[in-house]
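Heads up: the structure comes next, in structure tokens.
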Amino acid sequence: MLQIRLHGRGGQGVVTAAEMLTLAAFYEGHFAQAFPSFGSERTGAPVVAYARIDNKDIRTHEPIQKPNVVLIQDKTLLGSVDVFGGLDPNGFAVINSKDAPEVVVPEIVKMLPKGHVFTVPATDFAMQKIGKPLPGAPMLAALAAVTDILKLESVQKAFQARYPGKIGDANAETAALAYNYIKGE
Amino acid sequence: MLEQIKFYQTGSNTVGNRLLNPAMRTIQASTDRPNGLISGHRACQGCGEALGARYAIDAALKATNGQLMVVNATGCLEVFSTPYPESAWKLPWVHSLFGNAAAVGSGLAAAAQVLAKRNGDANAPRIIAQGGDGGTTDIGFGALSGMFDRNDDVLYICYDNEAYMNTGVQRSSATPPSARTATTQLVGDHPGADWGKGKDLPLIAMAHGIPYVATATVADLRDLENKVTKAMSFHGARYIQILVPCPLGWGLASNSTVSAARMAMETGFFPVYEAEYGKITSVRKIRQKQPVLNYLKMQRRYAHLTGKKADPNVVARLQALCDANIKNFGLLGDDEPNAPVAIQAYERSQAV
Amino acid sequence: MMNKAFAVTLDPATSLQNHTGSWRTLRPVNVFKLPPCNNQCPAGENIQQWLFYAAEGDYEHAWRILTEENPLPACMGRVCYHTCEGKCNRGFLDESVGINSVERFLGDYAIEHNLAFKRPSKETGKKILVIGAGPAGLSAAYQLRRFGHSVHIVEAAKEAGGMMRYGIPTYRLPRNILDAEIKRITDMGVTIECGRKIEDIEAEKKNGKYDAVILGLGASVSAGADIPQGDTTHVLNALSVLGQIETTGEIEIARRVTVYGGGNTAVDVARSLRRIGAEPVIVYRRNREKMRANAEEMDAAIAEGIQVKWLSTISEASKDALKIEKMVLDENGKPQPTGQFEELPSDAVVLALGQNVDKTALSKLQNLQMEKDSVVVNNETMMTSIDGIFAAGDVATNDRTVTHAIGMGKNAARGVNAFLNGSTYKKPQKHDLAKFEDMHPWYYTDAPKTVRQELEVARRSNTFDEVQFGLTEENAIFEARRCLSCGNCMECDNCYGVCPDSAVVKLGPGKGYEFNYDYCKGCGVCAQECPCGHIKMVPEQI
Amino acid sequence: MLEQIEGSLGVAKAVALCRPGVVCAYPISPQTHIVENLGKFVKNGELKDCDFLNVESEFSAISVSIGSEVGGARTYTATASQGLLFMTEGIYSASGLGLPIVMTVASRAIGGPINIWNDHSDSLSQRDSGWLQLFCESNQDAVDTHIMAFKIAEKVGLPVMVCMDGFVLTHAFERLDIPSQETVDKFLKPYEPKEYLNTKEPVSIGAMVGPEAFTEVRLLQQRKMAKALDVIEEVTKEYRELTGSKSGGLLDCYNCENADLKLIILGSTVGTAKDEIDRLKAEGINVGIISLKSFRPFPYAAIKEAIGDTKQVICVERAFSFGARGIICPEVKRAVEGTSCDVKTVVAGLGGRPIFGTTINGIVKDALAGKFTEEFTFFDVNADVLNSYTQKHEGVTFNKGPINQSAIEKSVKA
């Protein structure tokens, strides 16, 4: 079972991203579960969402304490929230930033196996294509590129299903940018 | 010829008038009146609420051709009409709680409409929710306001006897100032209910901009029946408050129920009017103006205002209250009422 | 059928099993009170009842109820001084009901529609002689005929009607009206023989094999006065003046006429003379308050320009002037001479100081007890001191109005009927009087101003030319509908409507209501809200 | 049809498949998404012949539901926590009138202090309300249980609360198998109320019943509950046969064969516990789970049978009774009365404190080690948090780890 924890701020589509992640997994025939950290978070507050992907029925409903992957949609959280808490020593981290991982999280780069920490300028891509700072789709695309657990197409399809029309397409294009960004590295 | 003569022995003041053209006679005058609330109920002697309820329900039954269902809040009316094993109601009737009649009415109306639609019936049964002033102005106020807000197709009737009679005459927000109740006793420097408290629910109802709001009393049957009939001609939320004197709670002779209600009108103590979409459309004028003292004298709950130790200032304040009603509602002569119109009223009036 | 929950769900109207009547300590009962109009009416008319039907527009029904007591409504609607209206409870509210004008309307309606009295269903074979075809005699004859007796009236004058014909001016009673109402009585089988004066009543009774006789003689002889007068003074009596006007339609008389007296006849004479161009002055020894004449008639007379000298007596008459002495009223209200005199220019004097019965035939009756000017009768049976001889009208009373005569005629007929059946007539006990305090006046509406004004004219019109100013149907209904129905049910449905326990049963038009004592809790709202005071709460015998 | 959707949407779809006539809602977290979706379905026409009412309070929500059910319409509403308590008067009225309303309780703690997170104190507070209370262990269970609930309610003549853990289930985005409309239509016929207000056969519903018949009315309500036990099983059987679902039932046993210890758990913790039980099995520890689906009616016989000859039972309870102890435990004790089975309460997961697999692991280990010496123990209490207050104000400290009743009592005497 792959357990993913997503960090971001209220309003950035963190919960949606977790859901889209599981929807993409669902399209690929996996069992998947997404849920937010529950609370009355308002826009701008730190938000955590979780996702699990497995090939059998997912029974557990506990919050993820030992994620295999962390997705950090907002690097301003790095100083204030223990975003890497419990991260599997062989796990992955994807951070929304145009700077290199070594610049952003040098300790984590050291901690995890080589090539397990990525940065992607997801917000920049989102601004280019969607026109709003919604880094969910590029972050998921980056995850897909990093882990190969999902195809880019599934991520794109998930967003297009949730947001039929222009917005879905824009998300899909943004996802492609991020996917290629990682793959191109 | 007979119909053309507009002057009758008792005009429209009596229940029936054999001299009136049949179309103009009251429903209560008819030998085949519905008697929605039938004999054998356990109301006190001279109960104004039993009378008011039969008047109103019968009128609504006529107006709806019998397609009527009633929701009753907890209270005297409920208790005296349906103690196991006997019901005094002849029509579909339900009681749930004290404070929820309006909401149960909303649900019942919704069900009636859905069922009618599914069964292909053109007309769904209409709904009346009813309760006393406690169930209406106090504990059921939120549910009632919600029903008004949604403009649900329910006529809510408040039988206003100005206190919690079922529990032994305690003050409600419809209790007039200076009146004695079990919780506003005739002791201390300011005997009876406090001044500066209470709610005017008809005006509050009007502020919701609902299609129809009216006040009535058991002393003017024709007016009451007309209002219920008119209310049933509207769809959406409607409210009628009927003054129903309570011999027990008011300290009134059991034969004076109707007379007391009449006095309440003729003094201006209880203004009788109707409003559509938040705007007053007609006012029942005072026929023979009376000083408030004549009204107070009938009732032991005001005994402290009529005896030797009576405080004339309090009577004067009550008279001022009547005078204000007379002025504000235009209860005399050709005076016109003038009240602001509520929000959403226009939109509701445009709604089908 | 639904699957109903136990106890929580109840069948409709099952409360009928709960007989709440056991709670009662007072029970409502209907009481029938005597309306003041009825109480006042000398003819005993059931005014409230006939107004009830008139108000509905059922004029025939109203007329039939009216004529149970009075066979001459068209006449009475004109000449009755309607003291009933003075007692009308509506007077406390606004103005009394114009009972008289409705009566006249009904009478006229009956004439116009040729309504006839029903003939008796069976004949008794008894014969009764009625002496005098005035109102008393006609009334008695009519009532006797209704009982099934055969009645023969013998009248001394040329035509039937008595004082109605010979004492009342035509402007108050057109003769075609009188004729029509008399004819309706003769149509029932009553025979009238005119122009014969019976001298020997005993013999007449015996020869005619009458089972009973009713003396219905009118006061047809004017009272005289001892006025010193010159030869040339033109002094006439009232009845001859009125009789002449009746017969010829006019009278030759001087312009300045003094009418001496304060009764209705004086007023009739004065107003009649006024109509033929004279300038009558009424001289009366008392003041207005003491005047016996009907106030409305007097008002009309004054309105027509007739002058009155109050507190005056004629002490001497000469050719063209009268010597008038001023009077004062003493503490007993009796006029006393003052010794002050004045002169009143006058070409003639008409004495209207009262009338007397022609007693010539009566005096021949042995054992007939008399008192002053009238025959003594038993108040209930109207029988004189002679078995089988009854009396009614002027001959038996000092209240010499047409209305009294009609009432007495009716009573005498009842007395005769009982007598013929071998019993003695007893007047039924009267109900308690319906007082205004017993009523609930709030319920009665006020007349709209416009209608009221119209009615003012109509109400007064019957003092002048009735053919033109008679009540329209609209006004008659209007007036009938003003009746408060004192002490009697008017079927307003109040009791039926205001009962919180639906314990009053409505029986349908004309049948009133009854109380369902199974459910009546005795609250008394019905009694309190009955406009007419028809319901009384009485203690339960517990 | 398989869908990857939020639990709330799944429930909304299930409810819509049942073709309710009236849906009425007042928003309260975490129930909101269910009724938002239903509102949308009514407005966009997916749910036909249905009136959706936005009311002004939960009191009115239950009251509107009472009205519409009395009017003969299949009725659904949803609430949670404070909302459920605000409904309470109507809750009792609905069951007393025998109205088969189906209501989701998106279980959430009751304030004060206000707390929006999941535990069972709301639904269990309505234990004696006369409603059936069916708990769901997963969103699939919730979808299926809602569909079954209408049939159960209508057959029994009592209202049903479908209790699903707030947020944990309602907000979880999962794979759900939503039955087709045809399937549901086959399973659930159009509503034919046993009695309802109509003008053809007028009745008075809701009489005042005095001492002369009140006991009998109550006994008949109890009789309905007795009937409900069979109805739940029948309906579950029928539904499972029709859909192949494993949902519903009075209770569900997992790994109960020859278990040394059985945990009785309600709601979403069951899934988490199952995973942990599997891990423990690998360690050679044999623990069974009894997922209690029907708390009301309480299936005493089924519980006794499910416990079998297991000597130790722990009720993992997410609510308790102040001044007393657990809520589930006493019922289980009654079920096994006369046997030597030891039944205890372990309180965990209050007010949204997550129950992790490790929590279950700890409970099992402590239980098997005989550490629960008393009937009532707070398991996942944080002594540091507690002591930060009690030490400062009263000089009292608690030991780390679970705190049992006598420790609490002792701390008061100290």
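Worth pointing out:
Residue numbering begins at 1 within each chain, and the chains themselves are lettered A, B, C and D in the order written.
The rule we apply is simple: a residue touches a chain if its C-beta (ideal position, glycine included) is under 8 Å from a C-beta of that chain, and two chains touch if they have at least 3 such contacts.
The shown structure was predicted, so the numbers you read here are calculated from the model rather than taken from an experiment.
Centroid distances built from C-alpha atoms place A farthest away from chain B. Remark: among chain pairs A-D and C-D, A-D carries the greater number of C-beta contacts.
Averaging Cα coordinates per chain places chain A and chain C 112 Å apart. Chain D has its Cα centroid 34 Å from the Cα centroid of chain A. Each chain gets a centre from the mean of its Cα atoms; for chain A and chain B, those two points are 63 Å apart. Between the CA-based centres of chain C and chain D the separation comes to 91 Å, rounded to the whole angstrom. In chain D, the residues touching two or more other chains are 97, 202-207, 209, 213. Shown for chain C are the residues that touch two or more other chains, namely 7-8, 10-12. Multi-chain contact residues of chain A, defined as those touching 2 or more other chains: none present.
Taken as a contact graph, with one node per protein chain and an edge wherever two chains touch, the assembly fits none of the named shapes, being neither a line, a ring, a star nor a complete graph.
Of all the residues in chain B, the ones that touch chain C in their complex are 1-2, 4-11, 13-19, 26, 28-29, 31, 35, 37-43, 45-48, 50-51, 54, 81-82, 84-91, 218, 221, 247, 253-259, 262, 287-288. Within the complex, the chain C residues that touch chain D are 1-12. If you check the complex, the residues on chain A that touch chain D are 18-19, 22-23, 25-26, 31-36, 38-40, 58-63, 65.
Residue ranges of chain D in contact with chain C, taken from their complex: 96-98, 193-196, 201-207, 209, 213-214, 216-217, 220. Of all residues in chain B, those touching chain D in their complex are 66-69, 71-72, 78-79, 81-85, 87, 89-97, 99-100, 102-115, 117-118, 125, 142-143, 145-146, 149-150, 152.
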